[in-house]
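The following pair of complexes shares a single chain, chain A, combined with chain B in the former and chain C in the latter.
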Partner chain A sequence: MTRYLLKRLFWMVPLLIGISLISFFIMHLAPGDITTTEAGFNPKASEESRQKLRKLYHLDEPILVQYGYWLKRMATLDFGTSFASHQRPVFWERRDAQGNVQKGLIQEALPVTLLINVLSLVLIFVVALPLGVIAALHQNGPPDRIITLFVFVGFAIPGFWLALMLMYWLGVVHGWLPISGLHSLDHDKLGGLAQLVDTARHLVLPVFISALGGLAGISLFVKNGMLDVLRQDYITTARAKGLPEKTVVYRHALRNALLPLITLLGLSIPGLIGGSVIAESLFAIPGMGKLFYDAVLMRDFPVIMGILTIGAVLTLIGNLLADIAYAWADPRVRRGVVH
Partner chain B sequence: MKRAFANPLARLGLALIASILLLALLAPVIAPYDPDAINVKSILLPPSAEHWMGTDGLGRDVFSRMLFGARISLLVGFVAVGIATVIGVVLGAFAGFYRGWVDIIIMRLVDVMLSIPTFFLILAVIAFLDPSIWNIMVVIGLTSWMGVARLVRAEFLSLREREFVLSAQTLGASEVRLIFRHLLPNSLTPIIVSFVLGVASAVLLESGLSFLGLGVQPPQASWGNILTDGKEYIQFAWWLSFFPGLAILLTVLGYNLLGEGLRDALDPRKHP
Partner chain C sequence: MRHIFGLGVLVVLLAACERNPLPPSTDLEASYPVESGGTLIDAMAGEPSGLIPMIAGESAASAIASRIFNTLLRYDRNLELEGELAQSWSISRDQRTITFTLKPGLKWEDGAPLTSADVLFTWELVTDDRTRTPYASDYKLVTKAEAPDARTFRVTYAQPYAPALDSWASLQILPKHILQGQDINTTTFARKPIGSHYYRLEEWKTGERISLVRNPNATQGPPRIDRLISRFIPDPASQFLELMADNIDIMNLNPIQYARIIPARPEMKRNIALYKELGNGYTYLGFNLKRVPFDDVRVRQAINYAIDKQELIDGVLLGLGEPVAAPYKPGTRWVNPELEPYPYDPRKARLLLKAAGFEDHDDDGILDRAGKPLRFEIITNQNKQREMSAVLIQRRLKDIGIEVHIRVLEWASFLGRYIKTGDFDAVILGWGLSLDPDQYNIWHSSQTKPGQFNFIGYHNPMVDKLLEQGRLEMDPDKRMKIYHTFSRLLLEDSPVVYLYAGYGLPAIHKRVRGIDSPAPPAGIGWNAQDWYLPSPLRRTEISAQ
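Then we have the complex of A and B:
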């Protein structure tokens, strides 16, 4: 296991270098340099803020030196301060000149996005697992057909459109659910339990919308996995031993069908983080996605570069955790029998 | 191919795609009004016999705008996936054919690209460039070639070991000839399937970007930005956001159904 872990960690180094190169490349995409682009978009960009950019990314130095500085920023997770008037640090809290603690923008936004993503993953598993198993057990029967239809529509429906329609029907027309932010205006005056209920009601629509694509994908994945496993010899053996069908399905088949799901979970992280942009900006939820979207609109480059890098690093960590979990669950992997 | 069209879902997909393509191609003939004609006397009219999908906040006919928007949305989808397919096929072919270091470097690049959340990557690039229809196509293309590259590489790795490649090699075929005349034609099936499925996700991606105001820029109509207009008026004019969403849904559904149908029909394991 240790050998496997070391090998796995070693492979992250070229990936991190690759991420640094791509993000550096994006910084230099703009025609001219980013200082002139910003000025083009934002006529109010003062000489002062241009100087700030030059200094931040060392744009007057040779390109290799610039890259060196960028690597150093990435390694120390220091992405500078936002260009917005509040001038808060991009990543983590820091004391300003007066000794007040300024919270980092990502520091504040990341837990919100993680909460929504964890809740959507829970929803995905609670709904998609039984759907996939039912579809596999009744292959080509009516339940399978209904679930397949649901899967195709789930894949094809634009999440933001459904969100808009639900906001309108549930929020505006019927007033059943709040449609914006994480709390009501009177949140602070509510008691503990009422506060929890208030936040939960605000989370219903965003969590449902972010879970939508995953619901369809995982149902299909579980169904195909189950169909595959049910054809295996050891399932025939289990049945031949006279085990009840329930034991065969849930103890022998399902457990093995679920194994690849661990990897899929790791692979779905970038999609979940990236997908948060639309849901969060639509529902005005102060997470990573909205932070990123606002930064793109205002050309707040330190925030853009910071989130891009942190998002990629989070994905790598997620994949690493998924691989470790897989190796832990499947002895063949950690002994190097299969990959 | 025959098997693909025996599948009723794939047939439904093909019918959807064909009718939407036809509507887009014939847009100037079918459209009852000029899609950009502003008419202050007919602002926010609900769907009627005169305006099938109502009118928008500037009095423009939504049905006409939808038809012309279809051209833009489909164009972005096709060009973006075309770019992605070319990049993916070339890199995947190199990795699978030459193996060794070439393979390792290309596959690491794939891993790096996959680890950066695509939507963030696209938005970051757009923040540095101008959001225009050409930039959108290129950016979507440059960020969605990884799946095709992996497919083609896997296909090449297994095809390389087959006898027909050996026999071509013995006859003195050059590497270029081997790649383009022997290996590539034999890997066409998964490439076509991934192209069809890719169009679906590119249409979805473009509509998302335009919805955020970072895709196709008004006054040019695309389904995504008709929907954005509708967001403002959702309380008084549901039709403005309902129809573009439905159009995106049907288009993506069509490509997905056809893609999956083709995949099933062409998968030798399912038809021994």
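Then we have the complex of A and C:
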């Protein structure tokens, strides 16, 4: 097992280099760079000063050389500093000689996005699991039809439209929920519990909107898994032993039906750090989606590369974790039994 | 698990009803005495990257920084220059030296004296090659800058440079005693600035808001409103919802919100006052003059006659804009009052095209010359108003037999791939209406290299000469004459078709008083320091602090 792990970890290195190389080249294929976007069309900004900036950022050198600089920095885990944003560090905070701390861009954006995505993932699983089980138990019956209809409407409805409608209805008409942002203006003056409630109220809509689209996939996945398992011989055996239906469904069937979900969970780990640009813009949430989107529009290469690299690492780790978890959960995989 | 979650949602929802709008009985139309205090909340689409304006290029940064830092000069309500930090300024007889005298007793917000040494320091910073600023060029023309005493700052140019005064109205003065010895590119001063203007930074919550409070040492005297909060809300629809829910006091509307949505909602009409100010830019259709057939002035004029500007203003801006005939802000002295935009006259357009040799020889509805149909592509960036304008122009030009294709591009690609390389037929874009009349960078024939701003390739020796003269002439009246002639030549040459100058459309809650209406040329914001919030109209939750 340890050797297997080490081997997997070792192979991640060339994969990462390959991914970063391709990302780096594709990024530079897009026309323009930071000097065309930042004050690029202000007649007060002269071409000479833009050339000067290009030189400072090494943008005038061949792409391969630029990639070399980047790789050299990455070798020491230095994600560099943003071209825009007053050269703020891309990833983590930095302390200067005077002891002033400059926070990293990803450092500030990541917790918010993680919080929303983890909450919405939890919400998806908490809602989709029972929905899937109910749909499987009543296959083609009214509950199944209603659940399928509901999750597909949720899947198909444009998130930004629903978000705006809910913001209007809950925020403007009734004033039940805040419209945008993460905290109220007087957040700092509230007590501990009130602060928690305040943040929670701000999170309700973003989490709901980002969870809604994911319900369909997971609940159908659970439903199909359950249907497969319910047809197995050991379920018939369990029923034949006279076990109560509840035990059959939840202890024998559901547990086995959940196995593929582990893979799904592993695959959703990299997704946790990616935010939705539209949702973040609508709800004015300073998350990763907005950070990445703005960086692409600004051609802020260090930030783009930083986010892509972290995404790639997390994807590879997610895959690895999914495989390990699978081995842990399924004895057949662990013992090398082919199935 | 599910029960706990459901309970949680319920608690959250129940804890909700704490919104605190003004009681319906409040009289928003009554007059209230002038008083100080209160908090004003506005919304910004973007977040500043930092608050050192010479380094942060974006408009969000300058909007906030201009409340924190002073400039030597500023524009008054009629867009004439007046002193801000400077008490007076004088120009030497050879017109090459400008001497500024600072007002007495100026202070930074931390109490340190603000002197000409700070001004000199700022000039040194902006012209330093290590400073990552795109704005150095105006200041690099200064051959000698000196601060002979604490209240005198003197700059000398190699030759007279008329836009110099305007450049000293945009350079925000930074404190030497704090920034000396620091790397301006990375200093944390960008996130906790020390300034001298009406407000100082109170708190910056990344991604959420910036709040400013009154600066007790403000060089221009105290403002009336205590605290300004700018919330970062990228999406205009969300901003509008926040305005509806009375969570923000100010936002800039688009024409649909201004002309359709608010008038249709009595509760918004009751709370919100709408203003209209001259916009800061104009939209134009520019031709690539290096390409056939745009090298022919008759073709350019024909297209100008064939485009109905009023139709564009009515259709795209819902009437909230005006046509322009010169690249200057309407109502300022630089606009030549004798000039009129090209009227909509398709007959004249056809005659001009015929004179240029374009006729429909093969009866396919498209004019042609020497077997080549009159067909071109308009490119523009992702901007709804520009896209809509392109479609209306496409239709009008089809009427006179010109086939137009439209391509909409992402901004960085648009600039990097098409504008910079000059690879386009025609373009719909906008220029800001600068307050100084010098537009050398945009129209002079020496400015056509890749990356420079005369990317349409305009070349007229007479215009070149006028632009050069205008830069050397310090006397405003003589300058005015030069630029009036320049505008006339430009209009006759028609290298661009001026489409419209849209209005700025701020919506402000009626609790904000002291606003100059109708808006003066400088816009309503020029006296924001005199705006006030009568205490009965303030938000209770915040004034309770």
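We adopt the following convention: the second predicted complex is superposed on the first by the 269 of 339 C-alpha atoms of A that agree within 3 Å, B and C clash if a C-alpha of one lies under 4 Å from a C-alpha of the other, contacts with A are read in each partner's own complex, and residues count from 1 in each chain.
We take it that contacts are C-beta pairs under 8 Å (C-beta built on N, C-alpha and C of every residue); 3 or more make two chains touch, one makes a residue touch a chain.
Bear in mind the structure is a predicted one, so any value in this text is a computation, not a measurement.
A.B. asks: Does the superposition put A:234 against chain B (first), chain C (second), both, or neither?
C.D. replies: Neither: A:234 stays clear of chain B and chain C.
A.B. asks: Touching A:164 in the superposition: chain B (first), chain C (second), both, neither?
C.D. replies: In the superposition, A:164 touches chain B and chain C alike.
A.B. asks: So, does A:22 touch the first partner chain B, the second partner chain C, both, or neither?
C.D. replies: So A:22 only meets chain B here.
A.B. asks: Applying the document's definition of touch, where does A:311 land relative to chain B and chain C: first, second, both, or neither?
C.D. replies: In the superposed model, A:311 contacts chain B only, not chain C.
A.B. asks: Once the shared chain is lined up, is A:204 touching chain B (first), chain C (second), both, or neither of them?
C.D. replies: second
A.B. asks: After superposition on the shared chain, which partner residues are touched by A:281: those of chain B (first), chain C (second), both, or neither?
C.D. replies: Both partners, chain B and chain C.
A.B. asks: Applying the touch criterion given at the start, work out whether A:299 contacts chain B, chain C, both or neither, answering first, second, both or neither.
C.D. replies: Touch status of A:299: both partners.
A.B. asks: Now for A:328: first (chain B), second (chain C), both, or neither, which partner does it touch?
C.D. replies: It touches nothing on chain B or chain C.
A.B. asks: Using the superposition on chain A described above, determine whether A:250 touches chain B (first), chain C (second), both, or neither.
C.D. replies: A:250 contacts neither chain B nor chain C.
A.B. asks: Of chain B and chain C, which one touches more residues of chain A?
C.D. replies: Answer, by number of touched residues of chain A: C.
A.B. asks: If you lay the two complexes on top of each other, which residues of chain A touch chain B in one and chain C in the other?
C.D. replies: In chain A, residues 30, 37, 164, 167-168, 172, 281, 297, 299 are touched by chain B and also by chain C.
A.B. asks: Considering the complex alone, what residue numbers of chain A touch chain C?
C.D. replies: Going by the criterion above, the answer is residues 30-33, 35-50, 52-53, 56, 81, 84-88, 96, 98, 100-103, 108-109, 112, 123, 126, 130, 164, 167-168, 171-172, 175-183, 185-186, 189, 197, 200-201, 204, 280-286, 290, 297-299.
A.B. asks: What part of chain A is in contact with chain B in the complex they form?
C.D. replies: Of all residues in chain A, those touching chain B are 14-15, 18-19, 21-23, 26-27, 29-30, 34, 37, 152-153, 155-162, 164-165, 167-168, 172, 267, 270-271, 273-275, 277-278, 281, 292-293, 295-297, 299, 301, 304-305, 307-308, 311-312, 315-316, 319.
A.B. asks: Across the complex, what residues on chain C touch chain A?
C.D. replies: 1-2, 5, 8-9, 11-13, 15-17, 19, 21, 41, 47, 49-50, 52, 55-58, 129, 132-138, 170, 185-188, 190-191, 205-209, 229, 231-235, 237-238, 241-242, 244-245, 247, 410-413, 415-417, 420, 431-432, 434, 439, 441-442, 449-453, 541-542, 545
A.B. asks: So in the complex, the part of chain B that touches chain A is made up of which residues?
C.D. replies: It is residues 9, 108-109, 111-121, 123-129, 200, 204, 207-208, 211-214, 227, 230-231, 234-235, 238, 241-242, 244-245, 248-250, 252-253, 256-257 of chain B that touch chain A.
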